[in-house]
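Notes follow once the structure below has been shown.
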Amino acid sequence: MLIYILKRLGLALIVALTVSVIAFALLRASGDIATALAGEGATPESIAVIRQTYGLDRPIPVQYLSWLWDVARGDFGQSYFFRTDVAGLIFGKIGNTLILGAASLAIALALSIPLGVLAAIYSGSIIDRAVTMFSLMGQALPSFFLALALIMVFAINLRMFPASGADSWRNFVLPALTLGYYITPPFMRLVRAGMIDALNTDYVRTARAKGLPARRVVFKHALRNALVPVVGLVAVQLGLLMGGSVVVESIFALDGLGYLAYQSISYRDFPVLQGVVLLLSLAYVVLTLLSDIINAWLDPRLRAA
Amino acid sequence: MTIAISKPSRLLRNPSLVVGLAIIAAMLFVAIFAPLLAPHDPYMQDITRRAVPPVWYEKGTWDNILGTDQLGRDYLSRLIYGARVSLLIGFSVVAISGVIGTTLGLLAGYFGGRVDTFVTFIVTVRLAMPVILVALAVVALFGGSIWVVIAVLGLLKWDRFAVVVRSTTQQIRALDYIASARTAGASTAWVLLREVLPNIAPQLIVIATIEVASAILMEAALSFLGLGVQPPLPSWGLMISEAKSYMFFSFWLIAIPGTALATLVFAINLAGDGLRDLITPERS
Amino acid sequence: MIRSLLLSAGFAALCSGAAHAQAADNTLRFAYNQTLESPNPYFTTLRLGVIVGRNVWDTLVARGEDGAFQPLLATEWTWADDTTLDLTLREGVTFHDGSALDADDVVETLTYVSTPANGIVSQQIAGWIASVEKTGPLSVRIKAKAPTPAAMEYLSTQLAIFPAGYFTGPQGQTQTALPVGTGPYRIDSYAPGGELRLARNEAYFEGSPKAGASIDTVSIRIVPDIQTQLADLMSGGIDLVMGLPRDMADQLGMMPGVSVVSGETMRIVFLQMNTTETGPEALKDVRVRQAINHAIDRKAISENLVGTGSTVIDAICFAGQFGCTQDVTSYDFDPEKAKALLAEAGVSGLTVSLAAYRERHISEAIINYLADVGIGVNLQFMQPAAMRDAMRAHQVDMMQNAWGAYSMFDASATAPTYFGGMPDDNNGDPELKALFDEAGVTMDGEKRKELYAEGFARIADQAYAVPMFTLPIYYAGTEGLSFETHPDEILRFWEMSWN
């Protein structure tokens, strides 16, 4: 088990590094940062000075390695735009994004598990069809459109929740609903499919045949098996969550990581973007690894794979 | 595909597929014949007649059935031309990503071993990249246009193809007739293209539909953020973005393109769902 | 031009709860749609930066509503000769950190900002200063490089005084956690890209024209989308927004609980054209530039998209600025003539890039007008800082500017910036540079006016730009908030109060 984890950990690190190399190359390919940074009254000399201060005069691989070395020591560099420490900037915003992500995930699970189970138990019935339609509609509704509609209804007409900010839990309700609804369909499909499979296993059939109460069979035995793949999906959904949070955070003016990333793209603030991309890819590989470990622990047969 | 054609009765018994395909066909028709169907030039602005409401409102007129936008352009005409943008992007992206993903998946699934390890690694790297951020950054750095959007999304969205094709190919590879074809001396390319590919076609079509829908939504999101298709080209996402500051007083300005977008994506997903049921009937 | 506003109480029972709650804790919540790079006014060109600068810092002198200069940090000033200004500082002024203002603070600040290597964003506001010396504990002498007619404008608007020792390196580097000034508000907290919180400066000096602040706390948040700002305004989460599009302002004015105020401003919209070597060949032909001028219906955009308070301009300056004349060649809306000019120049199928950072609906209207005469436009809508960089690197063909001239009532804040060889100049016309350089150092008012007039006439004849119109500004506030608007678009938090 330990060797398995170590092997996967090494792979995860290589994946995150590859992503950061690609991101670095893409950003540096896009033009002369020094000229842009020099700003007004930039003489060739002052551009040269800036190039030297930021180390932009060195070959790109050298720049990358020195960036990586700094990152390894916890130094993500300086933001070109805000002229402050990138690590501090990210640290200041990550809290809001984590709250938003956790709340959205909670909403998605709270919606998808009961609906998925219901659809599986009454597979093929009108309930199943309704749940499927709901999930298809969730996939079809663009998150930015849903966000605007929620603002219209809950902020303007009902005045129940604020449309922007991050001061209290009330500020997170509308963004979390938008994002939660957006990521619900894939979970629902997985729970439904997993439940149908689980209900058809010999084990559950035997339990039923033995006359165990249907409710107990469903909740104690089938659901537990059906939820195993859901753990894995949580990691995969992180990417989707992040993509959604760029849009959602900017509409709801939620001062988080997604909006910071979007801003840093508009401002060509590469050190910030670089930091966010590295953080996200690391989060992805670590979460996938965790979910694999949990799955392996739940189901020893997977360990061999 | 062969399954769908050979069993028309089953096709008809699948309402999801029929409804989904019907909507897609209607939208395709509108997109192809846009110049004939659009009542006005979608780019013609009349800034003295701005934000005229649709005909069912009190102030609406039959001249602009869906009203006019914030620059006085006919909204119905823009909506019709917008279908072109969405469908063009959806299908082009999938054409690119489908080829990349299928090739990688076929190679990994068929050869296994080091090739498989390598492809799996690339897929993991791709999954670890935050797609929307990378797409936004590339479009911001290299300029926004419909072709940049297609290229970026096409180069990013092949992961699902690769994953599914890989595992399906692995299963098919073990089957008897592939083995017999190989022992009969058929070339690898022949086996892959003539034996393996047709057998994974049903799964490919299902993924393709899901991916078309997802690409359309992504383009809309990029355009909404101002980093996708550039004005004055009518993209539904861009239309929502341009109209969003009018939404409190002219909600239809975002509701109309929003509904069109949701309907198209819904129809594609519905068709994809129906296709899936057709291919794996035991699931439904 | 100044309209006072007392938002009447009465209807809007729905919204009054929120408004009263804010009135009770005496906080003003203000939303702005663009991210502030830095709360230090020397390192941002954003309007919000100018607003923060004016509320948190003081300049040496102030400019009254009548245009006359008034004492602020300096109580007296005299020009010893054309290039030497002696100032006496006020006694008993303290910075927000408690230290007392003296000559060293002024010398250090002005020396820092006038040193090009320190890289303040707008070099011309301090570039005229040759040296600053201390002539006593509370007196300083500023030497100008050449006679500078606009010196008092710069000293009264942009040159905020920081405490000595604040700056520790170029590009605004500092060891101090939060920026420190002497103004009626101090910076209480700042999260980059997030909230900027101002608190009333209890120790603000009596006798300042900016004294008497009533609101305790001002919370400034960045809310990028206007419809989100409005949603919060209508539901009581925000008290004040500025810069609304005209249509929204019109309709919002009919909503209960919210009041809309409009005001004329000195902000002008114009399209610059890049005729440097990086610009497209076609734009180097004056006929093509004239064609572009003829292709755009400025009057229609001004009347329909911008609305009341917008005036079409022909010269790239605001009529109220010293040296501005609108008596130059004017190009009427005539698409046929535009097409003829393009044909004459042998140009067809031209596509240009257009950079813009605000008023996107105006950009879209322009794109459509240009499309009608066969010019394709590739819109690059970007953040202000990115646009500034692209402009200064001459990376785009056309640029849509909305220039507020740093609220300075002098043509020197407009003409040289865009046409006189400064970094934003995309034409590099040596004749214009010579004219504006000379105007910048001519003390004789009449002579100066002539030089500017000649310059503006040349810009128009050469059609280097498309002059558009002035932009009115629309503010919206919740009921119970009392505030005044000014043509310089600077919110004076110290004048505002809750009823």
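Structural remarks
All chains are identified by letter, namely A, B and C, in their written order; residue positions are counted from 1 within each chain.
Keep in mind that, in the parts below, a contact is a pair of C-beta atoms (placed from the backbone, for glycine too) under 8 Å apart; a residue touches a chain by one contact, two chains touch by 3 or more.
The shown structure was predicted, so the numbers you read here are calculated from the model rather than taken from an experiment.
Chain contact topology: the protein chains form a complete graph, every chain touching every other one. Judged by contacting C-beta pairs, the busier of the interfaces B-C and A-C is A-C. Each chain gets one centre point, the mean of its Cα atoms, and the points for subunit A and subunit B are 22 Å apart. Our note on geometry: subunit B versus subunit C, Cα centroid distance of 44 Å, whole angstroms. For the pair subunit A and subunit C, the distance between C-alpha centroids works out to 39 Å.
Looking at subunit A, residues 148, 152, 156, 250, 266, 268 sit in touch with two or more other chains.
Residues of subunit C in contact with two or more other chains: 225, 227, 231, 234. Within subunit B, contacts with two or more other chains are made by residues 244, 247-248. For subunit C in complex with subunit A, the residues that touch the partner chain are 14-15, 31, 35, 37-38, 43, 116-117, 119, 121-123, 171-173, 191-195, 221-225, 227-229, 231-232, 234-238, 382-383, 385-386, 388-389, 392-393, 422-423. Within the complex formed with subunit B, the residues of subunit A that make contact are 11, 14-16, 18-19, 22-23, 26-27, 29-31, 123-124, 132, 136-137, 139-145, 148-149, 152, 156, 193, 196, 236, 239, 242-243, 246-247, 250, 261-262, 265-266, 268, 273, 276-277, 280-281, 284-285, 288.
Looking at the complex, you find that subunit B touches subunit A at residues 121, 124-125, 127-134, 136-138, 140-142, 213, 217, 220-221, 224-225, 227, 237, 240, 244, 247-248, 251, 254, 258, 261-263, 265-266, 269-270, 273, 283-284. If you check the complex, the residues on subunit A that touch subunit C are 35-36, 39-42, 46, 79, 81-84, 89, 92-93, 148, 151-152, 155-156, 159, 162-165, 250-253, 255, 259-260, 263, 266-268. Across the complex, subunit B meets subunit C through its residues 43-45, 47-48, 50-51, 70-71, 73, 143-145, 226, 230-232, 242, 244-249.
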